[in-house]
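A single structure is presented below for examination.
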Amino acid sequence: MNTYRLLISCPDAHGLVSKVSQFIFKRDGNIKEAHHHLDEQNKHFFMRIEIESNLTCSFDEFQQEFAQLAQKYQMNWQMNDVRKLKRVLIMGSKSSHCVADLLHRGHESEMEAQIIGVLSNHDKLKKLASWYDVDFKKVDINKDTKVSDMAKMMDTVDAFQPDVIVLARYMQIIPKSMCDKYSGKIINIHHSFLPSFVGANPYERAAQRGVKLIGATCHYVTSELDEGPIIEQDVLRVNHSDSAEEMQQMGQDIEKVTLAKGLQYHLEDRVLICNNKTIVFS
Amino acid sequence: MNTYRLLISCPDAHGLVSKVSQFIFKRDGNIKEAHHHLDEQNKHFFMRIEIESNLTCSFDEFQQEFAQLAQKYQMNWQMNDVRKLKRVLIMGSKSSHCVADLLHRGHESEMEAQIIGVLSNHDKLKKLASWYDVDFKKVDINKDTKVSDMAKMMDTVDAFQPDVIVLARYMQIIPKSMCDKYSGKIINIHHSFLPSFVGANPYERAAQRGVKLIGATCHYVTSELDEGPIIEQDVLRVNHSDSAEEMQQMGQDIEKVTLAKGLQYHLEDRVLICNNKTIVFS
Amino acid sequence: MNTYRLLISCPDAHGLVSKVSQFIFKRDGNIKEAHHHLDEQNKHFFMRIEIESNLTCSFDEFQQEFAQLAQKYQMNWQMNDVRKLKRVLIMGSKSSHCVADLLHRGHESEMEAQIIGVLSNHDKLKKLASWYDVDFKKVDINKDTKVSDMAKMMDTVDAFQPDVIVLARYMQIIPKSMCDKYSGKIINIHHSFLPSFVGANPYERAAQRGVKLIGATCHYVTSELDEGPIIEQDVLRVNHSDSAEEMQQMGQDIEKVTLAKGLQYHLEDRVLICNNKTIVFS
Amino acid sequence: MNTYRLLISCPDAHGLVSKVSQFIFKRDGNIKEAHHHLDEQNKHFFMRIEIESNLTCSFDEFQQEFAQLAQKYQMNWQMNDVRKLKRVLIMGSKSSHCVADLLHRGHESEMEAQIIGVLSNHDKLKKLASWYDVDFKKVDINKDTKVSDMAKMMDTVDAFQPDVIVLARYMQIIPKSMCDKYSGKIINIHHSFLPSFVGANPYERAAQRGVKLIGATCHYVTSELDEGPIIEQDVLRVNHSDSAEEMQQMGQDIEKVTLAKGLQYHLEDRVLICNNKTIVFS
């Protein structure tokens, strides 16, 4: 018995659910959990179906046959075998709280993922990665040689052949070409409740504005800074006695938990992107 | 164009989703939103389907024909036309925060419901009900004549022909016969985070225990006090400076919001009961 | 036995707490609860002291004598007798959820306040106010006669002699002169998690951005729109299936609760303003 | 310039704050932050004062002189120099999420503490401790030799000379003698929202009861299981699709964050114990 996940988005059409569920039924698939959502504004339909089954055909055959149905309805779709773990590359900088948290979750098999490497522009995370037996690569990013440094960074990323790239406080702006190449596959944690405090120093600006809650936002990266589709957000109560430095300290807890949660949704194929928004079938 | 909601629970069987979605498709129903859930422990399947459609058959025909499919799969099911508002009876006592909140939501059409009456064992809510043009009935409950008083109360309830009965801090234990008769139709708000502080004086006991969060629980009423299926819960932060009286005051906000939310889930046919738990397709 | 509240803010100085507590001690005041906070950036000190006492001198004498101490340390201060309820004027527009909630709290004595009136530019709230026996005044605000209309509105406000003005979704921009005159006394509820979505239509913009939490912000009004000192904020989880209209509906619950909480802090003399931020001794 | 923290609890008496603040003032102490709280039920007074100063006397002299004042008012008190880090011993079992989180915080100097050791009845945490250069001791606990094993465990604890003992999912019941010896110094994380689900298997029981929120509770350990004074609690939303196993997984995030927060309050001398409750000056 195995589990597959089918993710579909397509223009709304009469009989979609019926057609898809019949297709699965005929191949002896059993629907274990399913979510359907119609975006009424865009007349677009979204499905996530968890199939538990010894399929009567091979996974490849199933996909080839489904491709015909998919074409008919102009579906954007993917089907994943849960046994095949996604390859996750972590990119970090100096702060280690998110990276340590992800590596520990990976090590304890708390995530449906294989963490294949840590890439950084500093040495600080090297020891951490090595302790978890995870490959570490350093690519310096210097102001004066940024273009070539970034090219080298991207080559290094490509060499990892990642399914997902996690920016765990990487602190560098990702070039547009890389955003496009890995569209819907780069996940960032921003240390504010977006759209508040887009850009640099959000905790300082939060302290300055005197907000009573600080937040963290996990989102897909696009070429527009901090404007990509939001996957998950959370907040934490602060008060007048908390300085910007203390907020930064406290905020680390929601950063790591929110990043882990958003990443987990992605790994479990729960997220579909619609324009600049996400459908999260949680 | 109209919207119907189909709620189904039944033993898991191969092809269920396929059969149901085909049935809808053939009658020109369009699935707008759907949730499917398999309870793996009990091998029980749950569906909520929102159908947007000019059905090709009448609502009655649809139901008659569906009954055959339902029988085959031993379905427990219901189908509701969203235009037909559920008849809600509010039962209260002396405290008015939940009742006032529900009446205001009813008055402003914020709920899919028709509030048909307020029933109480005290006069205090009379003015409130009358102002909202809602029928008010008082049935005294005295210690010495409790059995006959309760009988009278139940007759009064029956006379209202309610679809849903909301215990908005009614403070009397509902007789077993009434619990059974209106099984899955009586919704209570308990002023604690169940299963903490079952029974009387939860805020006093919360203050005594020194908890850092107080809560409220919206649940279906069964003959076992505060043990019915939970629909919704929420909590609120308190601290050492909050006395039991202040907790009671502060708690009113989560009581009213949690009751309204749980009730709304019920009114929108989002809740299915499985043994002593709920499936809430929110 | 009575309770007084002393609120002080002043430049930090050695021995402040000692001097103030001795002053109270000598007049037989008993400190029941106290909070002291030093803003290290601005070297400014803040105190809130709750005094429970039969003072040996009159309240007026106490204040006259304290004024000398206050002058020496350049204190900004006030002392309030809790028996003297603050006069609250509610200003609203068409939506009634916040106004109804405040009126109900006032009616049930859940707030340390005397609600003296409802002022609106529409008739909709009239019935609500009259039912709670609260004075209702309507002042039309028209595009073409805005300047004179606003002047009339301000005269009406002045006539109420309010201690606090609550903008319960008033929807009009308050003139600078009024902001200045009632500085630190006008409390607004903004239907977003500021600084996200300053200005109009925050729910629409929240839906468009695809945020996963919506919020509400209770703040003092200054002449800069939605930029005044924040007293309290809260958020609510939403998801992809919630339209802007549904968010608006759901958001009403945090709007009313957040406004009530922020207002309560103010009424209980828990809020001190420091530049554009608040110290809330909760 | 240095910072000291003075924690006082004593029977309420007239002039307490005045006397204490004068005492500090005369020795050139500057009060940076202070909280005072009167427990009206028990007529007990609580203070936390943060003193920033080059004291005119030595720390020892200050304490000796203060002892006289303290005696007069029957104070239970302590004064700590923030430069002197508390010695923290972590006790764990097989699950590593809390231990790894604490070790990482210690390593990154995110806590005012010196982590002096990890003590466990299993080998699993050894590698983790060694990587963070923290002393690891294993003391087996067997059913048949529990009494002597526990004695050995307690000897090992004593040898560490800890200021604080953190039970980071230790899973063994601590003997009464150790609870008494380290009264107010042993901090436990319980994986439920107490008083719900005292004892074993809280997630299983939470799943069975169908709660909509699961929780974690950080509390001081007393000889009554899960009944000690609560320092901090938090909750997390779950739904019908989350099994007991998934709740356990999800719960790890609030366990580690709630434990870290409660511990931090203790390390920063923010917690005072009053009977079975805590005053937390956060």
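Note that the chains are named A, B, C and D in the order they appear, and that numbering of residues resets to 1 at the start of each chain.
In the analysis below, a contact is a pair of C-beta atoms (placed from the backbone, for glycine too) under 8 Å apart; a residue touches a chain by one contact, two chains touch by 3 or more.
Note that the structure is a prediction, hence the values are computed from the model and not measured.
Peer 1: Can you list every chain in contact with both chain B and chain D?
Peer 2: Shared contacts of chain B and chain D: A, C.
Peer 1: So, comparing C-alpha centroids, which chain is the farthest one from chain D?
Peer 2: B
Peer 1: If you average the CA atoms of chain B and of chain C, how far apart do the two points sit, in angstrom?
Peer 2: Once rounded, the distance between the two centres reads 36 Å.
Peer 1: Measure off the straight-line distance from the CA centroid of chain A to the CA centroid of chain C, and report it in whole Å.
Peer 2: Chain A and chain C have C-alpha centres separated by 41 Å.
Peer 1: Could you check chain A for residues that touch two or more other chains and list them?
Peer 2: Only 33, 37, 40, 241 qualify.
Peer 1: Taking the complex as given, what residues does chain D use to touch chain B?
Peer 2: Where chain D meets chain B, its residues are 37, 39-40, 193-197, 209-213, 215, 229-235, 239-241, 243, 274, 276-280, 282.
Peer 1: Okay, in this complex, where on chain B does chain C touch?
Peer 2: 33, 96-97, 100-101, 104, 108, 110, 131, 241, 249, 252-253, 257, 260
Peer 1: Under the definition above, what is the set of chain D residues touching chain C in their complex?
Peer 2: Contacts found on chain D: 12, 14-18, 21-22, 24-25, 28, 30-38, 40, 237.
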